[in-house]
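Here the chain labels run A, B, C and D in written order, and each chain numbers its own residues starting at 1.
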Amino acid sequence: MNTTNLLVFDGLLLFSIVGLAWASLATTDERRSVILFMAFGLVLAVAWGRLLAPDVALAEAAIGAGLSGALLLAAVRKQSPGSSHTHANPDRNYSESGAKVVLQWLVTLLCAALAGTLAWALLHALSSAPHDTLPRAISDNLVASGVSNPVTAVLLNFRAYDTLLELAVLLTAVLGIFSLGQTTPGYQPAGPVFDGLVRWLVPVLILTAGYLLWVGAHAPGGAFQAGATLAAAGVVLRLTGRSRIGLPDGFVLRIIMAAGVGVFLLVGLTLLLLGRPFLGYPPAWAGALILLIETAAMLSIAATLLLAFVGGQPQSTAVNAAANRQREENSRC
Amino acid sequence: MTELLLLSATGLMLSLFLGLLRVLLGPSAGDRMLATQLIGTVGVGMLLVLSVLLDEPALIDVALLLALLAAVAAAAFTGQQEARHD
Amino acid sequence: MINLASSILILAGLFFYLAGSIGLLRLPDLYTRLHALTKADNLGLGLLAAGLALHSQHLLTSLKLLLIWLAVLAASATSAHLIARQARRQETRR
Amino acid sequence: MTDAMIGLVALPLTGAVATLLLPRSATVVAIGAGLATTIAAALLLFGVANQGALHYEMGGWSTGLGITLRADGLSALLLMMTSLVALAASVYASAYFSAASERARFWPLWLLLWTSLNALFLSGDLFNLYVTLELLGLSAVALATLGGKRAAAEAALRYLLVGLLGSMLFLAGVSLIYAGYGTLDLATLPRVVEPGPIAWTALAMMTTGLLLKTALFPLHFWLPPAHASAPAPVSAVLSALVVKAAFYLVLRLWLDVFANVVTPVAANLLGLLGACAVLWGSWRALQAERLKLLAAWSTVAQLGYLFLFFPLLLALPPGPTRDLAAGGLVMLALTHGFAKAGLFLAIGVIQQRCGHDTIRDLDGTAQHLPATTFAIALAGVALIGLPPSGAFLGKWQLLAGAVETGQWLWLVVTATGSLLAAAYIFRVLGHAFGHQPYPNQPVTVAREEWPALLLTAMAALVLGLGGAPVWKLLEIGT
């Protein structure tokens, strides 16, 4: 259809995005800011959909609207335990010294200058001759890639090496999070209504993750979106007071963390031993190998996001059981 | 049909703006969360309409994910409140 | 015929969306606003999804639309309950 | 030979996964993976020397669609240095970390850092380079926090933010390049890049990001606290290799990819910043009270020398004189890598054996730890640039280039910097020698002292006396 008809819609969408971004940054109350940010994520997901980038929209929906909202709420909770009124001190925001204001203006001006330069260069880049060699090369080779979704073909086949290193980045992030120490005990056990929500939401999220993983071969979706959805299931479990958040203990957890990089490497090196290039899948096997790698990557990604959400190494089961018992006794009083 | 869908998309946009106004006005956290809930539902509706308008079936998947994760966000919010008051 | 039916459903959905949002904005307190919101969630999205399902005429698409509606329905019912209970608790505490 | 390129990335990465899964035998696995990686680096060096520049198309996809790994003389030399330094530091680390839990956390991150360095030196694709920079920055920060102290955590947080800002700037430049020229391949770009707003802005953003990561004055503020508070083997690699990786990219971009975009004015600016770094870094090193801080400030200064070469290389016409200067630059970088890694390891030994690294209280260290003190002296020879160190050859070429192009300022800066370096090194050595009897054995704790000794000997003797092949290897371009 003719997209100019959507001009009014586009204008309003743009306005709401800019307005929300400004509002969530300008707000001084952290909790209001977080809620505004969640709304921002929702609208942004719609915008990506409008731009016909469903892959990005899926990722934005999972990360922006779902996980980061939960993460930020948890952060605010940690910052001001017990009360939402401690930071509602209006004087604090007006007592800033003049120097700070000047500095803020300087930074703003600098950012504006940088943005201007970028825009100027980008304008030149976009007005120069269009380069369609790469998109054409991708569509020419799509048949041999084993999948029909060009995004998955680029991520898991043509530029699989990038993705391997990205998974290594995620592994590094988890190991870095582990060095922060153990997690604090989680939330209170949930009431019956909340438990009712969890009882259907978690299985549906897991099913959806599986669906997104499978559908990634020929339509938008894939390991990242599936992993984020799976992580969302873990977040829900965490909110109901299960501090193991569905993650296993010790060795198995380490296997899950390393699965993405490990399986990727295993496939690459096996192919090398069989006389093919590193990560050069035989076309007949490409689809299956990509699904295998994506499954492992999904588990690693979900574990990484979850561990980032809880912000440390989960406590071992023994400690956990003791904490739970303690909590039960407390709630009885 | 196209005109009707265009109308619905713009109408949903109006609904979104009303919800945003409530987010800004508050006054309580519960009010804001209600409004976010509305914005989520509006977003789901928009994606569904857009998926037909732009002929992109994958947007239905995005809507599904958004619907499920809106529930997670609400759970995170209320879970936090629970923890605070018990 | 199907087109007409689906158009009517979509329009009705849009009406409830708008009614819900206006209610959310205009009604005086949290509980009444809660009531308004459920109009948008349950009826608005439900009618819209039904209209689009009629329009698409694919079984899988219709099932997905149904699932989306059910998810939003259950989520909004739960969170409405939790938000209301939390507000109630804060009131009794005061 | 191209399999060696895969090995350089896959071996340490496999090692990282293996040490994560087998924490009990992590040390053995890690040293094994390190040895294998070093062998791969040596194979690659011989391969490049005999067959010329190598390239490998990942997954068998042609350049442009897929990612191509490339190795020329410069990258092969830096890969060899990386492996030798990292291997020596690994041996030292196996003695440094005693608690099992510390080891279990250290080895996977260590091997991930090694992977990222190798991947960076081999990468032939701008976006892939961004990914390697992310991996490098994140693993370096995670390792720097292993010190466990509050100061370390604060320094690491700043290090993380600086690293992220640098990566973001680099990525912005990369996106601009892709939007403007439609390719990310380093070998294709020199043919299509032309002076203009796109190339200027992209180069400026990428360079700024990389200068942040390589800590060129005045963007060096984060380096001394981060490098001085990390565990000794980590400090060694951070100072010797991690900042070099970002510097290598600046070199690649300015001399290869954007060769027809850079202007003498811009190169002079880099040279001036380098001169400030030399003087300010050396001055702060002279005033440092702790050995580790001295070594960290000395890194700021030594990186400055490398940037002095940019105005020379741009002023010199292509030919043997320019090649000699370029070789001098690489020789200086290599020497500093070995010398600084050795210095940090030696300081680590002193810190663990004496319980502190305050320079004023070093009296008698020469008698307790003669081999370590000798290693510091050797590192000093290389840092000052005395013959027969590799740095002497490097600085000689720097001075020759400055005379050739009539850029006298760099001559003055180099001379002043070397004098200041001599002052801070002799200050340490002066405190280290006391009046106690020497032990019978010069090397008292083998696994801790030998790595530093070998690394500094490499810098002060081997590179200087046997460094001629470096220039030959550098003629092998992409």
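Keep in mind that, in the parts below, a contact is a pair of C-beta atoms (placed from the backbone, for glycine too) under 8 Å apart; a residue touches a chain by one contact, two chains touch by 3 or more.
Model, not experiment: these values are computed from the prediction.
A count of contacting C-beta pairs for A-D and for A-C identifies A-D as the more extensively joined pair. Distance between chain centres (mean CA atoms), subunit C to subunit D: 60 Å.
Averaged C-alpha coordinates give centres for subunit A and subunit D that are 33 Å from one another. Subunit A and subunit C have CA centres that are 27 Å apart. Inter-chain spacing, taken between the CA centroids of subunit A and subunit B, is 19 Å.
The set of subunit B residues that touch two or more partner chains comprises 19, 33, 35, 40, 57, 61, 64, 68, 70-71, 75, 77-78, 82. Annotation for subunit A: residues touching 2 or more other chains are 194, 197, 201, 204. Residue positions of subunit C touching 2 or more other chains, listed in rising order: 71, 74-75, 78, 82. Chain-to-chain contact here is organised irregularly, matching neither a line nor a ring nor a star, and falling short of all pairs touching.
Pairs of chains meeting the touch criterion: A-B, A-C, A-D, B-C. The part of subunit A that touches subunit B in the complex is made up of residues 1, 3, 5-6, 8-9, 12-13, 16, 19-20, 23, 31-32, 35-36, 38-39, 42-43, 45-46, 48-50, 52, 54, 57-58, 61-62, 65-67, 69-70, 73-74, 77, 82, 84, 187-188, 190-191, 194, 197-198, 201, 204-205, 208, 211-212, 215, 219-221, 225, 229, 232, 235-236, 239-240, 331.
Of all residues in subunit D, those touching subunit A in their complex are 3, 6, 10, 13-14, 16-17, 20-21, 56-62, 64-67, 105, 108-109, 112, 115-116, 119, 127-128, 131-132, 134-135, 138-139, 141-142, 145-146, 172, 176, 179-183, 196-198, 200-202, 205.
Contacts from subunit A toward subunit C in the complex involve residues 193-194, 196-197, 200-201, 204. On subunit C, the positions that touch subunit A within their shared complex are 71, 74-75, 78, 81-82, 85. Subunit C meets subunit B in the complex at residues 3, 6-7, 10-11, 13-14, 17-18, 20-22, 24-25, 30, 33-34, 37, 40-41, 44-45, 48-49, 52, 55-56, 61, 64-65, 67-68, 71-72, 74-76, 78-80, 82-84, 86-87, 89-90.
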